[in-house]
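Across the two complexes that follow, chain A remains constant while its partner is chain B and subsequently chain C.
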Partner chain A sequence: MDEKVLVVDDAKFARKIALKALQNGGFDNVIQATTAAEAMEMFENENPDLVLLDITLPDNSDLTLLERMMQKKPDAKIIMTSAIGQELIIDDSLHAGAKAFITKPYGEKEFLETIFDVLEGRKE
Partner chain B sequence: MEAKITGNEVQFNSVERELRSAESELLKKNLILEQLDTFLVEYNFKTKELYIDPVKEKFISVPWKKKDIIEKLNYEELIFRPDIFTAKEFLDFSNVRPESKKRSITIRLFTEPHKYKWFRITQMCFFDKEKNIDKVVISFTNTDEKTEMEQSLKFHSEKDPLTHLPNINAFQRKVMELIQSNIGDRYEMIRMDVEGFRIINEMFGSDEGDKLLKFIGVRIQECLDEEEMVAYCRTASDVFLMCVPVRLYSINGIIEYLKRAVAAYPRMYEVQLSFGVYYITREDVEQMIPVTRFIDRAASAQNTIKGNYLHHVAYYNESIERQEKNEHRIISDMQSALEEEQFEVYLQPKVDMNTGKIVGSEALSRWIHPKRGVIMPGEYVPIFEKNGFIVALDEYIIKHTCKIIRKWIDEKVAVYPISVNLSRTNLYNPKLLSRIEEYVSAYDVPRDKIEFELTESGFATDNNHLSSLSRNLQKRGFKVYMDDFGSGYSSLNALREISVNILKIDLRFLPTRRNDEKANTILKYVVKMAEDLDMDIVVEGVENQDQRDFLLSIGCTVAQGFYYYKPMSVEQYEKQITEDR
Partner chain C sequence: MKIFDSEGYIDSEVQEILYELGNVGLGMASITLGRIMGVRMHIGVPKVIPVNELITYNLESVEDEVSIWMDFQKTLSGSMIFVLKRHFVDEVVQKMGDREKVECDETEKISVIQEFANMICAAYLKAVGQYTGIRMYVKPAGLEIQKGNITLKQAYERIDDSCHKAICVDTGFSIAYDNKKVIDDVGHVIMLPDEKSVEKLIEPLCK
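Coming up: the complex of A and B.
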């Protein structure tokens, strides 16, 4: 598939799961970042069509990175991922511009459906 | 020559045309197929006619009536994206050979916008005598339920549905594989749970509890990221197991990681993780010790720190091993010990502190083991309480106490009341009261000569039972003690709820010292309160003259403790009574 997806997560295991699901969803063009700094750089230089962004990173543990990305590119398609499924965090993420929120652990089907919904503009 | 089909050749007919095709030889089959989750499409390469099963709409959302089934097909609208490539290849008839006339794929088709289902698509090509493709019949069978069920079965047979971690069976298989295929590596089995998880569930709801467990599950996976080299699972509720090679992971590293992770979890309550660790030795592996044993040992280690808020990790060691072996020995010997009457009643006298004379006693037990000698109750009572055998031992002690009292009466020895402890397990023994009646009648024991000691409980439900047992005993003419007053969580409440005749204060819980004004004041008022509530007081654990003097000064007269007497055999007690007189 043509879309470029940026996966941002400091945990190797989480990246592996996301990558596998993306692969099964037909996404071949996936780039990865493990820190907020790296993620921002890739976001600016690589121009991904979709970002999967984990809230907790070594150099960012709130919504700052999401907000910076949204400032840079207000139409960015960003899906937040987190093992913390508290409603407040989900609401804040969506309020800050995330198109969706995926709570870990996730099933591949719901993960891909959310991604396609966002890519095809069904989640705004 | 093989048929080459291009998109232009594939023409789709109007609804009318489709209906006319009802003459198709497939019609009859379709009427049957209509009842199944299958529909058919037939294309004749010679006549360019297409037959589409009229019941198709219920299967797939795509507007099939458009004249473009293959070439102009809107794949993105029909097929879930990851499967488009497979589908395109499948619908390319250019390379179909007679020998490979039947092919199948399972792909996801949209049945309604954005919702897909699994379909098994089978294509059967028919060839003419010249081996040119004549027609193709494509069946679409909805296998969604089956595929989903297969996937779900596979998932549930291997995973914990809440955390998506492997389940205990998958965990045990993997541990076995790991330790046997990496003989050179040493592994550690870790059992972890959340202290007071039940309270989190009760106070914040099981949804919140589940979220926490999912969070912990994810963090365990992230921490132990050498997935091939480790095993982990959630067994039940808040219990997680991990098996890790010491070469790659240190216990402290894991604990620190998980503690940090939990500290970052937004919550309104304290989350404490507790860990029990067992180091799997080379001998364990060589002797093919089952994985469950490693788990049990990690659990035994963890049990040693249960409820301890200072220590969060415990390692299985020789002392726990000895304790377990001992426990095992006790359990295997207990039944025969009871049958062979190896338990002996010991009596600890209660004394009038004014006169120093015996006024009663408490029945205790000693296990006179034929090989091990005297075993103290501290060694076996907690085990019996855990496995319920204490009920049988309590009945045994009641029976033997009745026997002793009968003997004294018959021998005209002075008979002072003996109190017998009733374990909390007995609260749920429906036969207890009838057993007591049975022994008291059998030995014709006066009801003022046998008394019963009950212990309050931190649990309200237990206290309801305790209250009713106490009332029933009193109704039958027996005196009831509240034992260990001051040790529980709700002593005062228990006192309000449970009617007793005698309050037994253990100085371990209300220690008195010459200069400890606070403790002495508390004790003074407890004694006063008991008096006002018309209850007698017995103080146990009296060990010195100072305590005796103080107790007498605040109005306590009956005491029990090493200052006077240690527990003794019945013979010694009888001798003591004779000397006393």
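Coming up: the complex of A and C.
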């Protein structure tokens, strides 16, 4: 797969799981960020095709980073990946422009299906 | 609604509501724990006490415990604290690694523990959020390996820096395996909102 994927998560273990799943899905162009500041810089400089974004980061613990990314690039494909399962926050994320929300812990099959759906424009 | 009565005790209706939130919070967390660990969680009776009573807890830990702090953000102030027996945490790390089929080196184990706490906390707050209609955000604030009673002393000192009145909703839990083996008191999940945050949590449930 040619798509560049940006994985944003401060937890090394969580990034490892995501990376493994992405590799299994054929994604070999994956970049990582561990803070909101780093994520925003990579989002602007690397122009990823897809962003997998955790809500809880050391320097961002709400939807501000998502909103900043959507403001920068309104057609960005961003999937929230978070342990947060509160429906209000999930709704907020989708209203803010996220294409999908994957709640941790997730299965690899569900994870990849969602990614492919978003990349192919089946989730809006 | 007054959180404390004229004699400084937690109002009985407030106690009941917080008790229920502790119950449903850990109830939801038990589902997540079951998925991760393949075990049943037996939930203890939530204790609702003012934070200054935390330091009178008689936790004579004979082993190290892992304490994980998550601070409330945005609309609420206070913390979620997880105090987990070390042997249980070692098992969590093993199970999570097995589940995801990844091996973790020593540096990654802390990350695994933090991620575990994230998931359990999120499940807990999902239940509380559903009851109250409040969006609850948290941020990891620290992870320590030490005796449990030290953690609770720190909790008191830490919360006291920011707000002198907070309420502790402490729910302990045990673990039961498929072979009927039960390990008692493997951990505590403590919701520690300050007084103003308790008002916000209670208000939607008192209407």
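Convention: the second predicted complex is superposed on the first by the 124 of 124 C-alpha atoms of A that agree within 3 Å, B and C clash if a C-alpha of one lies under 4 Å from a C-alpha of the other, contacts with A are read in each partner's own complex, and residues count from 1 in each chain.
The criterion applied here is as follows: a contact is a pair of C-beta atoms (placed from the backbone, for glycine too) under 8 Å apart; a residue touches a chain by one contact, two chains touch by 3 or more.
These figures come from a predicted structure and were not determined experimentally.
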Judging by the criteria at the top, classify the pair chain B and chain C on chain A as clash or fit. clash
Which superposed partner A:D117 touches (first chain B, second chain C, both, neither): first
Touching partner for A:G26 - first (chain B), second (chain C), both, neither: first
Which of chain B and chain C A:P58 touches, first, second, both or neither: second
After lining up the shared chain so the two structures overlap, which partner does A:A14 touch, if you call chain B first and chain C second: first, second, both or neither? both
Check the residue A:D92 against both partner chains and state whether it touches chain B (first), chain C (second), both, or neither. second
Clashing with chain C: of 77-85, 203-211, 509-517 or 563-571, the chain B stretch 203-211
Show which residues of chain A both chain B and chain C reach, each in its own complex. 11-14, 16, 56, 61, 83-86, 88-89, 103-105
What part of chain A is in contact with chain C in the complex they form? 10-14, 16-17, 20, 55-56, 58, 61-62, 82-89, 92, 103-105
Could you please specify the touching residues of chain C with respect to chain A in the complex? 32, 35-36, 73-74, 96, 99-102, 104, 107-108, 111-112, 114-115, 118-119, 121-123, 125-126, 129-130, 133, 135-140
Touching residues on chain A, where the partner in the complex is chain B: 1, 11-14, 16, 24-26, 56, 61, 83-86, 88-89, 103-105, 107, 112-113, 116-117, 122
Chain B to chain A touching residues, read off their complex: 81-85, 114, 163-164, 211, 214-215, 217-219, 221-222, 225, 227, 264-266
